[in-house]
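In the two assemblies presented below, chain A is common to both, partnered first by chain B and then by chain C.
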Partner chain A sequence: MNNFLLDFLALGAIVSGILVITSKNPVISVLFLISVFVNVAGYLVLLGVGFIGISYIVVYVGAVTVLFLFVIMMLNLQLAELNAVGSEYTQNLPLGAILGSVFLFELTSVLPPVLGQSFSQVMLGVLTTIHSNLLGKTDYNNVNDVHLAFQSLNIDTAFTSTSGLQIQSIGAMLYTHAAIWLILAGVILLLAMISPIVLSMNRK
Partner chain B sequence: MTTQTFFFIFIPILAIVLLGLNLIFAPHNPYDEKDSAFECGFHSFLGQNRSEFSISFFIFALLFLLFDLEILLVYPYVVSAYVNGIFGLIIMLLFFLVLTLGFVFELGKNALSIDSRQVYYVK
Partner chain C sequence: MLTISLISLLIAVPLFSYRITPDLFNRITSLSLAFAGYLSGFFHVTNLSQGIEVFLLVVGSIILISWANFSINTSRYGSETPTISEYSLLIIFTTIGGSLLISSSDIVSMFLSIELQSFAVYVLATLYRNSESATAAGLKYFLLGGLSSSLILLGTALIYSNTGLTHFDSIYNLLSVEDIDSGVFRGVQLGIVLIGVGFLFKVAAAPFHNWAPDVYDGTVLGLSQYKIKRLLTYSTISHVGFLLLALSMNTQESVESFIFYLVQYTITNVNVFIVLLALGYIISNTPYDIEFIEQLKSQFGQNPFLSVSFAVCLFSIAGIPPLIGFFAKQIVLYSSMNENNASFIGYYFLSITAILVSVISAFYYLKIVQAMYFEKSTSFSEIRSSDGERSTIELSESTLYKATSVSNLHSVAIATLTIVIVLFIFQPIILLNSCHLLALSLFYY
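Then we have the complex of A and B:
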């Protein structure tokens, strides 16, 4: 049941992500962005990190989405000129293909081979050939078995034995061992608070 | 089967059945005026939909985001205050002080005051 729900949420996140990019209306794009956030938050909760999942919903859906909507309100978008047709569309396809293949190269080399060892090696070989023909670089260090370096444990249970709940152990670590990073985060938030006020002040 | 599993199965089926009943039995006669958005009886012209609004609305949303993040980082301290002791309290107060400086700055500059668009007539 857990695995089925994980796959379902991952599929929902991917489909929503595709619909964010391909929607014609920008507000519909933001709605699908909300759907991406909710799906990923559900995924994180099922993985065991409940605090991060709920904080995704509170921060992303609650505040970041509102800021996206403000940006859309402030841009003067004419819907007729948003849809690219004809040569305006095809002139962007080669760059899209290059970026997409770079992303595919990273995915197939870093993630563990899901569809079989030979499939990922064939994919890596194809992408390396394409890149060497297009960009002229012929020696690629094909990194194999990179995925062995990333062992994802389910949750790190070393700290929960002392304090019980997950959020308590986060608090115990954050305010003692990681205190300097917390204060650094506070300074970053202070900067983010001061700069828009200064930028948007009316000088009378 | 537990109650939770029963609800997980029953509620989507109920929702789909009720929506399907509406889809099958409701009359469907749309025309142009019915389909368009209701705007108090007026028709909106192309290009007249946008009006200027004060920047302080945006600053409101941005400051909400920042203070929301601050609360999110203070929340783990609140549940683990006993374990962290005095050291954790001092760290939390330092973090809070840094963000209170930003709050005082924003209060002093009156960044969140929304200008009124009401016109005052002197008689």
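Then we have the complex of A and C:
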């Protein structure tokens, strides 16, 4: 059941990700972007990475995409112009499909087969079947392993299994072991604060 | 780390001394000292990283020196100042990122420093926000830089998900005992391929270079290229090819040639751009850059010294013998034809391709030199003289500019770099020995 939910959320995230870039109206694509983030947040929460999942909702859905929505509404874009861009985009569709399938093939041929793992496959299972039918290879189920690589099974799970709240373990990690990364990230954020001022300041 | 704690303590001691007790300050200091010792593992300083960092900082200071002081003339041209005070701030950010990247020894620190370095450069590209090309360049750079960063991030995520490690040394140790056909090994391989693609994208190496000319053109088009910065970008792409050829061999000799090539190319390229900047200040009469090769026509008559140093740089980039660029190309090719590599036919092929390409690219540089020395300037001076009254005013203004625009430091920087390029042949020991020592420290440390 849990695995089915995970697959469902992943599928939802991918489909709404595709809809973000295909929908003509920018407001609707931002709404789909929100749906991507909600799906990913649900995926993370189900995986057990609750804090990061919830902070996805708080930061991305709560602040960033709503800001996007306001910006797009204020820009007052004309739909006719966007439609013209949309027709250019469909010209590149075959190229994108070729590149995407080459990339997928590379991923599947390099990533290792992991023994003894079987999964209920919704989307990825279909892909594996297509892959094995088209290429005549049945001895491995590698597409599944892309999926598997991001499952928590073979990842270092010490992060989630420590006693106490997740936020405590993240904080303990962040302020002791990884303090220099925190400082570095702080410098990046400082830069991100300064650069909009530099770029938009009115100099007299 | 220690510097940060020093600065924050300096600020905190006078400001909050009535709220924080002295022994609390002592505890904070002891904590920061402990962390400064404990945290150094994420950044690994070696002789090599230190040497390159010194070079990076020196080059940064040379670049900043060469900005002309237009403060006298800015009032006349309104808000279009050639230098913006935030420029130096962003340079500091990108330099911090660069020097951290050199010494980073952990995936997370590597990614964070790349982001710090490239974010600052995106903003630098967009700094002249009134110009359309700069905005377009910055946006394009930002989008494509974001793409390459996400590729790097995907690669690091794959490595982490397969090994559970982020430290370079630990990954190396794990892989050295792992079977080549094992799942972990192949997963890490894929991650490294993705990271490599991301990095090649960032340095604009050959298959991933299409974005670079547009970006260079905005911030500051081969055979049919008439825009000078585009041409220089294409030359950068071919030089990156040379660097990658040197990097691909991983012998002590090739590392030495790699460092030497990097140093000489940086010096020459910096010189090209600051000479171009100086010419731009002088020719265009307003603080704008030179865009087209046409604008350089017959500059030898008007600005002989600048033209000579520009020509020297171009010859050096093309690899004409007595200049530093020739020795760099020679040393790379020599190390690729080394007897250790003799069994691999591919290196011969690569070397021959590199030679052919550098011969072809010499044509472009010679075209600029030809325009500068032998062609009569056509459009620009005539246009100016056609409207009679304004030309006299502009003439007086342009003489004023010639007196003030190129600062002393700027000309000293150009002169020093040009002399380094020309006179390298008489004293090659300094550069070659330091490159040799850096390469040795990598292999026999």
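In this text, the second predicted complex is superposed on the first by the 124 of 204 C-alpha atoms of A that agree within 3 Å, B and C clash if a C-alpha of one lies under 4 Å from a C-alpha of the other, contacts with A are read in each partner's own complex, and residues count from 1 in each chain.
Quick note on the criterion: contacts are C-beta pairs under 8 Å (C-beta built on N, C-alpha and C of every residue); 3 or more make two chains touch, one makes a residue touch a chain.
Predicted, not measured: the structure shown is a model, and the values here were computed from it.
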Per the overlay, which chain contacts more chain A residues, chain B or chain C?
B
Could you tell me if A:Ser55 is touching chain B, chain C, both of them or neither one (first, second, both, neither)?
first
Quick one: is A:Ala172 in contact with chain B, with chain C, with both, or with neither? Answer first, second, both or neither.
first
Would you check which partner chain A:Ser101 touches, where first means chain B only, second means chain C only, and both and neither mean what they say?
neither
Just to be sure I read the superposition right, which of the two partners does A:Trp181 touch: chain B = first, chain C = second, or both, or neither?
second
Based on the superposed arrangement, let me know which partner A:Asn76 touches: chain B (first), chain C (second), both, or neither?
first
Touch test for A:Leu67: chain B only (first), chain C only (second), both, or neither?
first
Give one of first, second, both or neither to describe whether A:Ile194 is in contact with chain B, with chain C, with both, or with none.
both
For A:Ser23, is the partner it touches chain B (first), chain C (second), both, or none of the two (neither)?
neither
Interface residues of chain A shared between complexes with chain B and chain C
179, 183, 185, 187, 192, 194, 200
Across the complex, what residues on chain A touch chain C?
106-107, 110-114, 149-150, 154-156, 178-181, 183-185, 187-188, 191-192, 194-195, 198-200, 203-204
Chain B contact footprint on chain A (complex, rising order):
51, 55, 58-59, 62-64, 66-67, 70, 73-74, 76, 162-163, 165, 167-172, 174-176, 179, 182-183, 185-187, 189-190, 192-194, 196-197, 200-201
Chain C to chain A touching residues, read off their complex
1, 4, 35, 39, 42-43, 79, 81, 84, 86, 89-90, 93, 96, 100, 108-109, 112-113, 115-116, 119-120, 123, 126-127, 129, 157-158, 160-162, 164, 182-184, 186-187, 189-190, 193
In the complex, the residues of chain B that touch chain A are 50, 53, 55, 57-59, 61-66, 68-70, 72-73, 75-81, 83-84, 87-88, 91-92, 94-95, 98-99, 101-103, 105-106, 109, 111
